[in-house]
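Multiple structures are listed underneath, in structure tokens.
Note that chain A is present in both complexes that follow, paired respectively with chain B and with chain C.
== the complex of A and B ==
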């Protein structure tokens, strides 16, 4: 089978879906290939922009401050690259970066409005939501179901952590102790913290209950009342003003469920940031897919890009394979948003690191070729530290149009643009910048691709 | 006698130390076992668990005979934690078969005693039928069988049995000195309690130094010199049982190496390097990993397609025979009575030995102790069963009765034998404890709670040794935080301790993961970092975390 499109997006996580949506909205016909589940679906569902600079001990209170620092210190960071387009004057670099990231945040908020993953928060300030371990992290946008309200500001607030018996991913007692010690050390509210268990028994099971089962259960009419009844006595007992629950409020009706719960128990309810399998991550993934397909984009799920033809400096055709068929896609431009190791965009063995679709040169944190780097050599003695793992910095080096470059510093192709975790130059887990970089790079790569498609006749 | 007066203090909670403590306690001696870390936390925890027939030691017929007897003793006292692995030694050319072929006869001489067939030669076709991954160019293979034991459980069961017979066991207590009288007689032991941060002292008549690669350092605390040859061995661990049977092969330098299915994983080992490194910061090197892969590749060409999850490295405390390769050093053991050469009285040290001999070593040392103390009790350790060995367990029936997956129960049986019934009993009151916490192994919550209550773990790493928690392909990615919360609940820990437990466990896993990071494990690690660093923000946590020995330096 042969298909034709203006733009081919390879990769169906946040970066690819944003790129695809932007392109489709600009009138370009777009096909998106998604091999399997994206890393976005495994995420906590919060949109981090920038929380820390690499190796820094203090968090960044707002993205503005973080982006300004990145512009000065890390010009090759995917955020930094935005400031070095041909149309940006040297004194406007910082403004260009901030402006672009701000645009993308506004764009995303608007597009997620009314979906199952509508978000709150804004570009001007970082927020510090609570995780299922009782720790906090800086992020920029959270889904509305995850809005902790004024729990850590209001002097009189009383927070109740509520768990579900037989669901092992969240232990309210451990989380409550961690959060309480943290807040007491800071001398800040809430002034009281408690914890309780509820018996939900989705599908009559009392053990081995997964987040997905609970979320499906709560999407059924009537289930939320059971939870409310369970919570009510505990809320009353400690006079809770806020209730923190694991991120399982439902797929389709999470926000409605939150409001119903709040009405029944008379306290604010919010989901904590959690680990995979992550319901908010899945909600975000589904919402973005809906946004993309509603805009008119075509999506081929379960298809993997396996080969390509390149004429001169241009990719002409990409072959995609699924278990049952092989499709040849003629395209004018490609956005490569295949992710890093989870997504499968970068692979590594004892010979070195390689980009998996086009075999484009990979680089290290220092922008040396990572082609021959033994993965274990690009690691640190400490697994979990602000220094992070060098491996997480590795990926593709790009020009200001987000085109991957080769050993000689020239573009690998004139019509291939890269976005998201496949890029080098940032470490999302220590920076807390993952979906933010995916968003900005996806948006930027798409803008460059559109320009390339429209000017296509010239080359 | 009070709680600070003992007949004998055993230092070291490895296979030998726990065996000695058990023997002494059964013979009625007032016994204290001191371990600086946790039971089975060093050398024994890095071995393949083979209780060897002594095949590699055909030059030492006495040792082969002893090994064979000991294997049968273990089959008698601890059959629930024993597995039998068939093994193929594929031969690629005639020189493989011709060299040191005496082992065929010496192995077969003791085969009947162990209830295994004599060594067989198989055709390439028959070999490949058993293990299809074998190189088609092999000319034949040798078939034999060896027994394997769970080394962590063996040490734990020996410890629990010692406690049952009245021994006192103190983990996280590091010996820092001896109280020696004017006539050079040890009267007491001084140790540092690493949990409370206090120094304690007890009195004892005798001290057994069963500290493996630390033996010379502990002896030195009494002013004694102890010669020992330390030799490093490393393993590469694969994510599942990639072979149907064990494979042994001559490595690129002519030594024998092996690939053994082990629990839910496969072990590829070992290397042998004389070492002067600190056992606490020891890790496998890139060269060792490649040496093992290159060597096994000759008979299993597709081995690099397998997913490597981690490495582990340990130190053999060999008898000090120098100027010969590691393989030619005796596999026997020595018991050094330091008083014999005019040294300190009351100190007895071990060098050498193998896992299979630990009970035998304990018997010999305890005989000496008893002689010195005038105790005439006979050794019973080869006759009295270890906890859980009482009867067969019908796991299918239990699976139906409790509604727990058969696989989970089979794994629990392999750790606990009949003792698993006590774990399952807990689920009657708390059915939610049937929840699987470690999905790789798997381990259910009830067993974690039971182990915390009955097997004195202080940390998540201690729980790992008791339960194999976090030892599978995900290396604790999905169970670290869940198990930490249960530990925190049972021990009533504070929030900071909960996070420290998570960080400690991740650090210990990373020690082994890091060295062999490649392939699928890159995605696994990105996921782990995504969870513990990106979402939980633990890289920025201000808890009181102690840097581990292998994390020091740049």
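== the complex of A and C ==
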């Protein structure tokens, strides 16, 4: 069986889904292959743009500042590459980068509106949501259910960390202690922080409970009232203005649950950022899939790209395999958004690092070939520096159109574009830039791919 | 002691040490476990965990990580391992392609061999039926009564009876699967009506035998391999080019076997056969020749054995075919691809678990407002139908094959 499409997206994380949605909205028929779920589904569900510069101890207060620094210091960073488009004058590079990232943030915010992962926040400032460990991290957008409001601004605010008996991921007393120490050191509110336990028994047991059970339980009618009833006396006792709960407020109805809770207990409620794989991450993944399919995109779930045919400088066909069937997809352009080590876009073994679909050259942080980099030799303590683990920098090197390039510096194919974690030149775990780069590169790769599809015939 | 003697000696101690060596064709599965990064993404997607909680069923990750790394003490997992419905959701979402559903079968096989006392009693009953009849269901004692039941079903559905033909070298072997062969005979007949309508050169088996999936799922690997061998022989003897089935489980299992045992004869679900071999043009033509029947609002359930064990494309075909049918309105339920709980032989010993899994499906099915649910799997049909009935719902359930046959053959 042969399928045809204008654009084939390989990879179903944030980068791939954004690229697919943009292409579909511009009128290109799009097929997206997804093998398994990857980094987006694992994420905390908050969308980081840029939180730190590599090697820097202080976080960045707003994306504007971070992107300006990146444009100067890391010109080959995926954000930096945006500034090298044909239509960008040298003095406009920084503005071009900022403009593009700002556009994508607005685009994403609009598209997630009304989904189960609608987000709040603004490109002009980083926010510092609290994690389930009681620490904070810089990020740009959070889901509305995770909005901490003015808890760290208002002098009179009182925060209550509420745990769930038998849910092992969250210890409210430890989190409260960590957060309070942090706030006291800064001399900033909230000055009063408490903690309490509640009992939710999705299956009549209050032990060994997983996030998904609680989230589904709270989606069912009546469950949120039980939680509200238990929280109420604790809120009254310490006069809490804000209540922080683990990220399990529901899967489909989290926002509704938050509002209902707030109404019954008279305090603001928000979810903390959780460990991977978190429920907000799951919500974000599902919401993006819905955005893509609603736009008219076609998903082939459970399909893995296994081989391809390339004629001259163009990919013509990609073969995808499901557990027991194989299909060929004829396409005019490809967006490669296969992720890094978790997603499987880059694989490392005793032979070195390689890109798994097309076997395109991989590079290191210094843009040397990563073909012979052995992950097994990069596991000692020295490998982790303030610059992060070196392997995290590896991936594909791209031209300003987001086309991966070969050893000789020319693009590997005229119609293959790469986006997301498969790219080299950034380290999302130290920068806190993972979903932001996925978003911007997915958006940019799609724009280039559309141009390539529309200009198709002549070259 | 020379090398050969030593080898024999060690081999003879295996049984005592509760060790069953892996078959060569199982090594891929075993190797896939080592790829597990212990992330736990599968737990958030497992329909059994969602239905009964992590405390009762500890989820796919535990099966992949803990259970498979503690040979030969597999028996210690017996209270959990039988609760897996084998839907394959974990494997599909797994970033590392760990083949958890097959690991479950591997472990069940080892418990079956070394600790039969821990195997659910319900399985032993099925094992006996299979051993006696080569069928997963007790066959009709009286052939005439069976025919009577069939005719009653056909009359109710308004379908003609196409007599069975057994012949050599036909293009297609139509293989209905145990359930359609012995229980829901209307599915078997409906498929024949469709094949006949498109003038397909087909035959049925002279003596029907099970595809081996139930034995495989119970862990009765000897019977499973035996049945598989038997069926291969029959298919080869008939000299057919393709096997077409209406059962989702048979589709994926026969595709597995064809690859493992080099059948050289591909298996298709009837939906694939219609879409790929008959083609949408001929389907359109056939529909034009019928007087349009009453309009109906349906929702569709995707069987795990088609979408996650074979290919999601098959249900795309189903939607494409339904979209061609005049008067058929389809509303997708948000849980259309979520396991119905009928798989993995769970209902044979823990009915409450199987029924808990389907609960979410029923809720979102009611939300669609559809009056009828169609699904191309006799097992899903039975599981959802009985649970809808118990919940007092007015939604009816049809096997998709029957639904299609009715629309194709309205006089």
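Methods note: the second predicted complex is superposed on the first by the 449 of 459 C-alpha atoms of A that agree within 3 Å, B and C clash if a C-alpha of one lies under 4 Å from a C-alpha of the other, contacts with A are read in each partner's own complex, and residues count from 1 in each chain.
Just so we're on the same page, a contact is a pair of C-beta atoms (placed from the backbone, for glycine too) under 8 Å apart; a residue touches a chain by one contact, two chains touch by 3 or more.
Keep in mind the model is a prediction, meaning the values are calculated, not measured.
Judged by the touch definition given at the top, the superposed model places A:426 against neither chain B nor chain C.
In the overlay built on the shared chain, the residue A:292 is in contact with neither chain B nor chain C. In the superposed model, A:389 makes contact with chain B only, not with chain C. Of the two partner chains placed around the shared chain by superposition, chain B and chain C are both touched by A:342. In the superposition on chain A, A:276 contacts both chain B and chain C. Looking at the superposition, the partner that touches the larger set of chain A residues, chain B or chain C, turns out to be B. Residue contacts after overlaying the shared chain place A:208 against chain B and chain C alike. Contacts of A:42 after superposition: both chain B and chain C are touched. Once both structures are placed on chain A, chain A residues 42, 207-209, 276, 342, 344 are touched by chain B and, in the other complex, by chain C.
Within the complex formed with chain C, the residues of chain A that make contact are 1, 35-38, 41-42, 202-203, 205, 207-213, 216, 276-277, 279, 282, 300-303, 322-325, 327, 342-344. If you check the complex, the residues on chain C that touch chain A are 37, 39-41, 43-44, 49-50, 52-56, 59, 88, 91-97, 252, 255-256, 259, 276, 307-313.
By the touch criterion given at the top, residues 286, 290, 304, 431-437, 445, 478, 481-482, 484-486, 488-489, 493-496, 498-499, 502-503, 506-507, 509-510, 513-519, 522-523, 525-541, 547, 550-554 of chain B touch chain A in their complex. Those residues of chain A whose C-beta lies close enough to touch chain B in the complex are 39, 42-44, 48, 51-52, 57, 59, 131-138, 165-169, 171, 173-174, 177-182, 206-209, 273-276, 340-342, 344, 346-350, 374-376, 379, 381-386, 388-389, 391-392, 428-430, 432, 434.
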